[in-house]
Amino acid sequence: MKVGIIGASGYTGGELLRLLVSHPDVRLELATSRSLAGKPVSSTHRHLTGFLDLKYENPVSEEIRERCDVVFVAVPHGTAMNYVPELLDGSTKVIDLSADYRLDTPVFENIYGIKHSDPRKAVYGLVELHPEAAREEFVANPGCFPTGANLAAAPLAAAGLIDIAVFDSKTGISGAGISPTETSHYPNIAENIIPYKLTAHRHRAEILQELTRLDGKLRNISFTPHVIPSIRGILTTAHLFTKEPLSTGDVQEIYEEFYRDKPFVRLPGGVPSLTAVRGSNFCDIGFEADKENNRVVVLSAIDNLVKGASGQAIQNMNLMFGLAETRGLWLPAAAP
Amino acid sequence: MKVGIIGASGYTGGELLRLLVSHPDVRLELATSRSLAGKPVSSTHRHLTGFLDLKYENPVSEEIRERCDVVFVAVPHGTAMNYVPELLDGSTKVIDLSADYRLDTPVFENIYGIKHSDPRKAVYGLVELHPEAAREEFVANPGCFPTGANLAAAPLAAAGLIDIAVFDSKTGISGAGISPTETSHYPNIAENIIPYKLTAHRHRAEILQELTRLDGKLRNISFTPHVIPSIRGILTTAHLFTKEPLSTGDVQEIYEEFYRDKPFVRLPGGVPSLTAVRGSNFCDIGFEADKENNRVVVLSAIDNLVKGASGQAIQNMNLMFGLAETRGLWLPAAAP
Amino acid sequence: MKVGIIGASGYTGGELLRLLVSHPDVRLELATSRSLAGKPVSSTHRHLTGFLDLKYENPVSEEIRERCDVVFVAVPHGTAMNYVPELLDGSTKVIDLSADYRLDTPVFENIYGIKHSDPRKAVYGLVELHPEAAREEFVANPGCFPTGANLAAAPLAAAGLIDIAVFDSKTGISGAGISPTETSHYPNIAENIIPYKLTAHRHRAEILQELTRLDGKLRNISFTPHVIPSIRGILTTAHLFTKEPLSTGDVQEIYEEFYRDKPFVRLPGGVPSLTAVRGSNFCDIGFEADKENNRVVVLSAIDNLVKGASGQAIQNMNLMFGLAETRGLWLPAAAP
Amino acid sequence: MKVGIIGASGYTGGELLRLLVSHPDVRLELATSRSLAGKPVSSTHRHLTGFLDLKYENPVSEEIRERCDVVFVAVPHGTAMNYVPELLDGSTKVIDLSADYRLDTPVFENIYGIKHSDPRKAVYGLVELHPEAAREEFVANPGCFPTGANLAAAPLAAAGLIDIAVFDSKTGISGAGISPTETSHYPNIAENIIPYKLTAHRHRAEILQELTRLDGKLRNISFTPHVIPSIRGILTTAHLFTKEPLSTGDVQEIYEEFYRDKPFVRLPGGVPSLTAVRGSNFCDIGFEADKENNRVVVLSAIDNLVKGASGQAIQNMNLMFGLAETRGLWLPAAAP
């Protein structure tokens, strides 16, 4: 199939390209960038030297639709809504990696402080929770933090067992993008860990939406992110207070059952490691129950750029085109 | 005063030496190591080359007592109890950096799985909470994690405001000691974050002891540590659910009042940074309240080897000898 | 083809496995480990969870020969010579990743201080310089440092232009293996760079062998390695004093010509980056001439575990079996 | 004495402040910043919270002269020349940390591409080589790379023994300043090493100036810098080809003699480590001779912000005011 990427010059664009050059059913047709139009894609994504001859372009939506069977939209929040309606005006399928269509419009407008110009809401493409995404023409790819948090807590939430959920997440700095910032300045983040948006990060809304969908009675969901000195990866420590005492064995059973036949969620035993998922589309999960205190600590590890963004988007694409969801994605991490 | 260090070859021993060579009232008299006896101290602590002529020794307790006005015990848990009784058998003061005397004996025996050979319990040398340590001959220096956690939560605990406390702590790897391990192996910890002892780390007992002393009704205290790719530093994220709604301003007032005249606790505003305390004896604290959800996130940043170990031990020494607690310790971090 | 790995539990073994699970012509038949026999391979290489059902075994050489079309020997120097003769006693092909067969026997014995028990010498499997390796049953896979250094200097050496060559190499710590050491201890290597074997590293012999083969008159070759705080990668800075003044354009021409049709050597322009080769089999090369001083600085970047070890070994396997050398290896780095 | 800092908001300004707050003879009178005038110094240098009440100011030169006994100029190259003449128009002493007065004017103009507005040249304040700096009113503080390179090679250069010198230097990223850049962006520099200005870095001129002053016949001096994933520190690997064969013992003797009574140059034995000098004013040197090949590898380790900038500037200040050069600087590194 012919694939286009709107906004291909950033990290998620680069990661889409990296994974798609090896995808057996994909022909990369188009990579757009307004500021880099005319330049070879490999001049900025230098690791792709030798893998593609593509140049950045900046065509109108109509041309994009005509040339592509599927388009990934990898532009900033608030911008995707300017592309999506026109791209969908035909048979082209669209996967949006921004936040624009993940939330109900009023929630989006409240959280992001942006007036939404397009009332439609997409299916939330966390396919382990939303298998119906496979039947859609348009999918909203989840945020990186919510992917890790929701996969960590979903089995217990679906079982109606969670009373209070505290998500303490730790992300690699690539989540902040390709442009240098105060936080990404090596002397600031190396040998450090930087918490931010302690009580009100925007991704909390996606966690709320998905977990309360699974369990309307969930009493309290809080989320605090941190940046760690790592390029890739999100480790989420979910401190879950449960309504009844659970043993680690109980938890094991619930998770095994919930994630049966979900190829990209692994329960490898013990504590999951960012190293074991780096560069791959896996979400590795581990846990330990403190039965006496009605508490379970669940850990999930993902690569924020793969399962947290571009890999998950391709997983969605595979399903939307009737392919195995692992197609072109069944690659282990390059550990160590 | 003449100072001895029992077990001077590890990281806490090295850090005691580093700080004491510049302490205006200290003469370093003695540094012991069983395995290195006879070798120059600077042959293993190479950064101290030029600062001391000391050789490692291994004398009997009686000699140590005779030569030293104060002794720091920096040996592993379960070993200190073999030294302390004999060292205290005279006028020498003792500061124990191990866990042996921090907890009530039965609690210690239960948590550490070691039979205690010496029934005495020392004052817990977190001087911001235990000013009475200044009058003691023998002080148990707190653990690194409990120092960060207790300083983060104490003001709200003392005010009886905490219902549930979840401590999610992130430590530099030097806390695991000077000997190479699986966790300290660079390919394992770099670009990673390693949670461990998810629900039952031994330091939880010290947090429990101190916070329930401040507030007997505190309902739930949990603690989960992680190792981050950093040499030094502990950032503690305290997720505190409060009995009543508090604003960030309320919290600010409570902390300012509680830590008035505590020179090593700073409230610099904003999010504290490991960089700003690295190598120093400070504990920097920041917070943000989520009034609507009866939740406060408090952050504390310390250097695990300084305020979390050797610096705090010297702070205790200063007070036990009637000196200003900042004596020899009033040094800023070498940031960045 | 059926593939076996002798010594599969280390980093090079793990990297062979990672690359081979995706190789379209390979069936992984056998992974040996004396100490781990009976345990699942994915219990130690946790990133491979879900990719293979193999358990470590420890069969005799005869059985290995019978079960495998090709065997990779990934055991320590001095040990491979105990396996190779018996493995070669049939039609099984062998690729040895140790140093045992890279050098002439007397040179090996002198440099490694080990008596060699097997007089044969293999072709040196740096296929860009030794295309004849494709016709062999047995190949000695090059060392990591010599791969980077020889590829950096070969074009100028082959042209007879080098007078003095100083190789200043910087390697990631994974080159030192999977077992924790003083050097791999995070507090020792983070925020540091550790030079070692300043004038007499054993890999110098491989550089000498290959470059003097290309140019017998090369006057002086020196090599100094350093460990950098990085998991993977070797950057080699080759300070080359030339017999005649060269411009950067002259150098560009020589390298383009020399590496025409070598798919894994790229000249991407500018300074090569470890990031752009991480996890991949590429060697990226860049250079700048200081014509006035008869000096050229050539830089090469490889992943020490891939082009510097396991990837190159598979590249050899591909050629020895008549496959395209890129088969199963044509994957870009996961940058950033 | 009353001290002022022109340009106090960057890393070298911050490091001057950090060291000066503990200097027993110093009163910090003035810290200037055009863009931050009016803000507390500790609002940007947060690690200094509690150590000073200073606010950034932006007074005219005349006022600076009147208020200060000595002024450190820590502004960018090409800017210092606008301040120095007016500051020197009285009894105030000046130490310039920029490159403006380190080189002969024509050399400066050629290398920096800037027309110099002030013809004076200052004494080059590498006090181990220029003890006469102690008698000056105005000193040019050396560059960071030249400090490491010149101290590494000076003893052999002074003995007329060097034929060719290749300096391969590795610096922490703080040398590039406090503002985020492509190079300091964590995903670019972590797990990487970035060479730059392969043959023509501007600091080469300072190495040339000093080493040819010591030995006019030195045939070739080349210098290639790299940025490593480290906040602080410069390791210089000096590959020195000598005119006659030297043993490591010969070299040891020459260096011990040359650096006798130089308190900040240490020869601790073995390979020097950035860890052992971090935050301190030391230059640690080690070496190994390859007698057979007329080659010596000399290594020097400094903290680029201390001995490579602010510490050295204070060392100059001490001497210019008749104090011991170690005054306020005799602090060991906080290793690990």
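When the chains are written out, they are named A, B, C and D in that same order, and each has its own residue count from 1.
Throughout what follows, contacts are C-beta pairs under 8 Å (C-beta built on N, C-alpha and C of every residue); 3 or more make two chains touch, one makes a residue touch a chain.
Since the structure is predicted, the reported quantities are computational estimates derived from the model, not experimental observations.
Trainee: Using the touch rule from the top, work out which pair, B-D or A-D, shares more C-beta pairs.
Mentor: Ranking B-D and A-D by C-beta contacts puts B-D first.
Trainee: Among the chains, which is located farthest from subunit A on the basis of C-alpha centroids?
Mentor: When every chain centre is compared against subunit A, the largest gap points to D.
Trainee: Where the centres are mean C-alpha positions, what is the separation of subunit A from subunit D, in Å?
Mentor: Each chain reduced to its C-alpha mean, subunit A and subunit D end up 46 Å apart.
Trainee: Can you compute the centre-to-centre distance for subunit A and subunit B, using the mean CA position of each chain? Integer Å is fine.
Mentor: Once rounded, the distance between the two centres reads 39 Å.
Trainee: From the C-alpha centre of subunit B to that of subunit D, how far is it in Å?
Mentor: Spacing between the chain centres: roughly 36 Å.
Trainee: Which residues belonging to subunit C are in contact with no fewer than two other chains?
Mentor: Only 11, 174, 187, 190-191, 229-232, 273, 275, 278, 336 qualify.
Trainee: If we count contacts the way the header does, which residues on subunit D are in touch with subunit B in the complex?
Mentor: 11, 14-15, 18, 21-22, 42, 45-51, 174, 190-191, 231-232, 263, 266, 268, 273, 275-280, 282, 284, 330-336
Trainee: Which of the residues in subunit B come into contact with subunit A in the complex?
Mentor: Where subunit B meets subunit A, its residues are 164, 166, 168, 170, 172, 187-188, 190-196, 198-200, 220, 222, 224, 226, 228-233, 235, 237, 239, 241, 271, 273-275, 278, 287-290, 293, 295, 297, 299, 336.
Trainee: Show which residues of subunit A lie in contact with subunit D when the two form their complex.
Mentor: By the definition above, subunit A touches subunit D via 11, 173-174, 178-182, 184-187, 189-191, 229-231.
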